[in-house]
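Once you've had a glance at the structure underneath, I'll fire off some questions.
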Amino acid sequence: MYSFKNDYSEGVHPEILKALTESNLEQSEGYGEDSYTKKAIELLKEKIKRSDVDIHLFVGGTQTNLTALSAFLRPHEAAIAANTGHILVHETGAIEATGHKVISIDVSDGKLRPEDIKPALETHTDEHMVKPKLVYISNSTEIGTIYSKSELENLSKFCKENKLYLYLDGARLGSALCSEENDMDLSDLANLVDAFYIGGTKNGALMGEALVICKDSLKEDFRFHIKQKGGLLAKGRLLGIQFFQLFKNDLFFDMAKHANAMANLLKKGISEEGYKFLTHSPSNQIFPILPEKVIKELQDKYLFTIWEKVDENNSVIRLVTSWATKEDKVLAFIEDLKNAAV
Amino acid sequence: MYSFKNDYSEGVHPEILKALTESNLEQSEGYGEDSYTKKAIELLKEKIKRSDVDIHLFVGGTQTNLTALSAFLRPHEAAIAANTGHILVHETGAIEATGHKVISIDVSDGKLRPEDIKPALETHTDEHMVKPKLVYISNSTEIGTIYSKSELENLSKFCKENKLYLYLDGARLGSALCSEENDMDLSDLANLVDAFYIGGTKNGALMGEALVICKDSLKEDFRFHIKQKGGLLAKGRLLGIQFFQLFKNDLFFDMAKHANAMANLLKKGISEEGYKFLTHSPSNQIFPILPEKVIKELQDKYLFTIWEKVDENNSVIRLVTSWATKEDKVLAFIEDLKNAAV
Amino acid sequence: MYSFKNDYSEGVHPEILKALTESNLEQSEGYGEDSYTKKAIELLKEKIKRSDVDIHLFVGGTQTNLTALSAFLRPHEAAIAANTGHILVHETGAIEATGHKVISIDVSDGKLRPEDIKPALETHTDEHMVKPKLVYISNSTEIGTIYSKSELENLSKFCKENKLYLYLDGARLGSALCSEENDMDLSDLANLVDAFYIGGTKNGALMGEALVICKDSLKEDFRFHIKQKGGLLAKGRLLGIQFFQLFKNDLFFDMAKHANAMANLLKKGISEEGYKFLTHSPSNQIFPILPEKVIKELQDKYLFTIWEKVDENNSVIRLVTSWATKEDKVLAFIEDLKNAAV
Amino acid sequence: MYSFKNDYSEGVHPEILKALTESNLEQSEGYGEDSYTKKAIELLKEKIKRSDVDIHLFVGGTQTNLTALSAFLRPHEAAIAANTGHILVHETGAIEATGHKVISIDVSDGKLRPEDIKPALETHTDEHMVKPKLVYISNSTEIGTIYSKSELENLSKFCKENKLYLYLDGARLGSALCSEENDMDLSDLANLVDAFYIGGTKNGALMGEALVICKDSLKEDFRFHIKQKGGLLAKGRLLGIQFFQLFKNDLFFDMAKHANAMANLLKKGISEEGYKFLTHSPSNQIFPILPEKVIKELQDKYLFTIWEKVDENNSVIRLVTSWATKEDKVLAFIEDLKNAAV
């Protein structure tokens, strides 16, 4: 069985493992105050081209989101998210558990635009309702779509005008920024959002997300929140070493490019068989619509997620590629699809 | 500079690193549903001699504590801890952040006995006060002391009689169970407490704590709580592989024994110079009382924590040893102490 | 200006005020442990025909809801509510502030049926999502509709089968139970739901809601939760005296009947002018659709809420009647509507 | 039986009841936006001699405390309170339930001075511990003592220097400000603390506390927090009418003076019998130390609280007087004490 189920099925890129191994017996300070972490943060600031941002390394995405949002928001303030938003559906109410409502906005492509958010602002008008204060977006989104620079500029402008924080969940940011359709870099991001994180777990690290806080007023005392929410890793250097390796020679981007290339290859092959897709997803997640019978056959050899039923005979499946996805497995999948399709 | 500052200064035991490396490119299920994690849990159950316990692997101790306590307690229920308890002072109010008061009990040796807890039960009598419901203890404690089996039996009996859960924080459980003065094993623990965790981070793992839930009524839906609190590691196998290696050939105990031996060596050397200690600590943390002037000199070559002032001229320092502590460094420290003491 | 804006514009029914005045200088126990409260609770149990329920008196509805739901639910459990549900939109995220997600269900008439809830159960399948555990309904609903006995029976059966608690917000329960279309009584309610509250504030009391807990497992330690959430009134007898008066001679029902009669009169008059309504609301809230121009004129003499725009020229308004609504004012309103309509 | 158990045993001062009765059938806006509440707030600002403060009316003290503190503090910030502090022991963990630790300071007289607080600041030094941010004091304290102006000035200066908010719980502020030993007025208070509340419930109102927010940065969006925590009273005018009556002709102070006079009378009588007191309490709560046998006899005719055991034969009792305490009952109590004492 070969898995297209997610992008965290394998361990870590061998380069990173090598760095972890080489430094293994050195002594270092705990809780992210070691020299590896400091170096990684300096390197990230260079890549982002902003020396004034604050950067904190986390183990996982849900923890990053819940720590950031609960630190940024006052008790009566709420987040706004697309109906597919990870914090809305797939984090077991982690944000609500810190006391904050997440307002759901129905959209079809996983992305928020000013016109999607406006109605929520118009209906939340007084103290009998929560106060919308933070817009949560993902790039790439949970259904594989990505934001263009102009889309993000519009959203950023709208958020500033309405005193909303703009927060970007970058669990799959590598794939988004390396998409053929992308026209942004890390530096653009840092200028357009108030905080975002760069996902390592889903792009070749053992684990690790780098939260970048761009807005000054959101920076104060942030390490208290990490510790309080259980996110301060004792051997913090594990994160520092990994992020340094990820960005030292652009390994982060190389891995994301490979993942995207594999997704493109899959997409092309599936398309050529005449199948359609749930969304236009130029990143490492694709959502083909296949007949149940074909799906059944593919399941004999491959692991993937059944996303949702489309009609009685067809379902959407999700295929995810990663830095570790093997081209021969992709080609075999396409071949098996062709045969199944007969 | 050589560090006696803590037991998480180095990386991971080379045996474990080897296992992580060998499995690195295999694909596995995410979120702890992989075969490595399953194997590790089976192995742990054998070691504990209880097939009926539930075991969950966490990344760190604060997260384990906050997830467990918030899952076990209803909103009006409180934890009771010794005044040195980790949850009380060194977790940034993590338990309170989940809504629960921690009642502090003044004791001198970091350990709770029935007579220490009784007054708290007697003063919390009605609905105008929180309801004490869980007794939190650590073994070894935050100041290096350990529980004897009969002490734990007494406490366990008292808790049962008073319908209190007994929870044991085992961040340094390896050192406690391998102390020369210890008379318990994992199986005894599981029979005496309602839940406890076996600490990996401070005993040779990259990171990792294994929470063991012994009481049936505390088990239900526990994975929801892990996810909600941000503790469900995507590449969960990292924890599974490590715990399997830790317990496969008793590496966990061998490492703890080494840490204890190094602490004993330090203690003997310091004692022979005529210095006293803050507590009787038969584990891997010792707390000698040294003249400021001696401390200053030692600080030129060694890292350690200044614990507290004793009087104008003397302070307590904390020295921590680990699986990775080198005997020659310990001997050098004692030699330097001798010379400083002159 | 005469107000149809809500049902808490006036003070308290004179009978109740008389009882408060007569007992004013007596001494009594605090925090609801007085004899008036005990008598009121006994009387309520008789009216409900269940001696085994637990009853607690609260000052207001939001506090009742947040105390009950946070006491009933474990951290990972969520409530389900109709999109118009009071807890969902008009309590400033009070439920989320206690840590629980409220899942919104789109319905057109403010009522939940099994088929509305089923999809939420089907999509919340594992520990990456919250666990739906409590169904929140209102009777009458926030848009004036009411549940029939068979509707509630179906819902109750469905909830039992799916291990969901059924909770009924009775802020306007008086009006619902006295509606011409109602076929239930308090006793039916207590047999069909797990907990509900009988609203006094919106039916002639100064303030006060009586929470009835029917399900045994939800009763334990409930007063701790009231105190913790700030809801334990020092002079608790104020609530006891009022509820005793409300139910001693069925004043509660008489007042609700008057409110409904006034709403019916309004509805008839508005209907006869040819206007339509947003919903079929056989209770004390009605939602006529009127031309903007007519609304403007009425606003010179009357206070009411503009509910929502229907199209460019028409809006829904909300008219609320109460125990204190005067028939001559209702007739005047209809007359003014006729003239405005010309 | 006559009760000296608390100062909320009776209803409301007849003057206030009259005002409630006279306005009873008028219509008014809900949720504290009525003209009565506005007038009361204006009057309070005059009495405080500060037009720039924000004032919000609450139903009860626990709710005032929990709403204020949770609105003022960020998640990692903690309150500091004396070991007798109401929020620390008698509010069922209400502050912790909003996520904040309350740090307990051992003092003997219920009052905090800079030197009591300093050690807490010195031990809470980094992100592994909560950040002390708000000092909670009560005046009069829970054991009847009061602050002098110079004591409060010192504390205020210390808090400003250390960036701590100073919050004063005024559940019994009337009694404190009308004590023979008091040298402050409401205006002094408003200049020395960041927020405080004026207690109505324990000084002749049906219920009600007026929270005064003096510090600008604590004012924003405060009504959202009241609503979210369930404290926004629908018929808010009940509070407005009461506070207007309380302060229109200084009824508030007259009632407090009466309560204090009755406490003084009790104190003098008890003193003359040779009994000692737990504390020097120049307010409406006194804590005589009496032999068990005397206490038993008094319990036949009077209700009061047994505070704590002093030794085998003696206990402290608490006697509380109020605006409604009758002089003849006080004299009878003293007489009975004399006879019991024989």
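Some points to look at:
A, B, C and D are the chain letters, set down in written order, and residue numbers restart from 1 in every chain.
What we mean here is this: a residue touches a chain if its C-beta (ideal position, glycine included) is under 8 Å from a C-beta of that chain, and two chains touch if they have at least 3 such contacts.
None of these values were measured; they are calculated from a predicted model.
More than half of the contact pairs of A-C, counted by residue number, reappear in one of B-D, A-B or A-D; that pair is B-D.
Remark: among chain pairs C-D and B-C, C-D carries the greater number of C-beta contacts. Mean C-alpha position of chain C lies 34 Å from that of chain D.
Annotation: 51 Å between the Cα-based centres of chain B and chain C.
In chain A, the residues that touch at least two other chains are 75-76, 91-93, 97-99, 127-128, 130, 224, 227-228, 232. Residues of chain B touching chain C in their complex: 31, 70-71, 74-76, 98-99, 127-128, 130-131, 221, 223-228, 232. Listing the residues of chain B that touch chain D in their complex gives 75-76, 78, 89-93, 96-102, 104, 127-130. Against chain D, the residues of chain C that register as touching in their complex are 2-3, 5-6, 8-12, 14, 17, 20-21, 23-30, 59-67, 91-94, 97, 201-202, 206-207, 224, 227-235, 237-238, 324.
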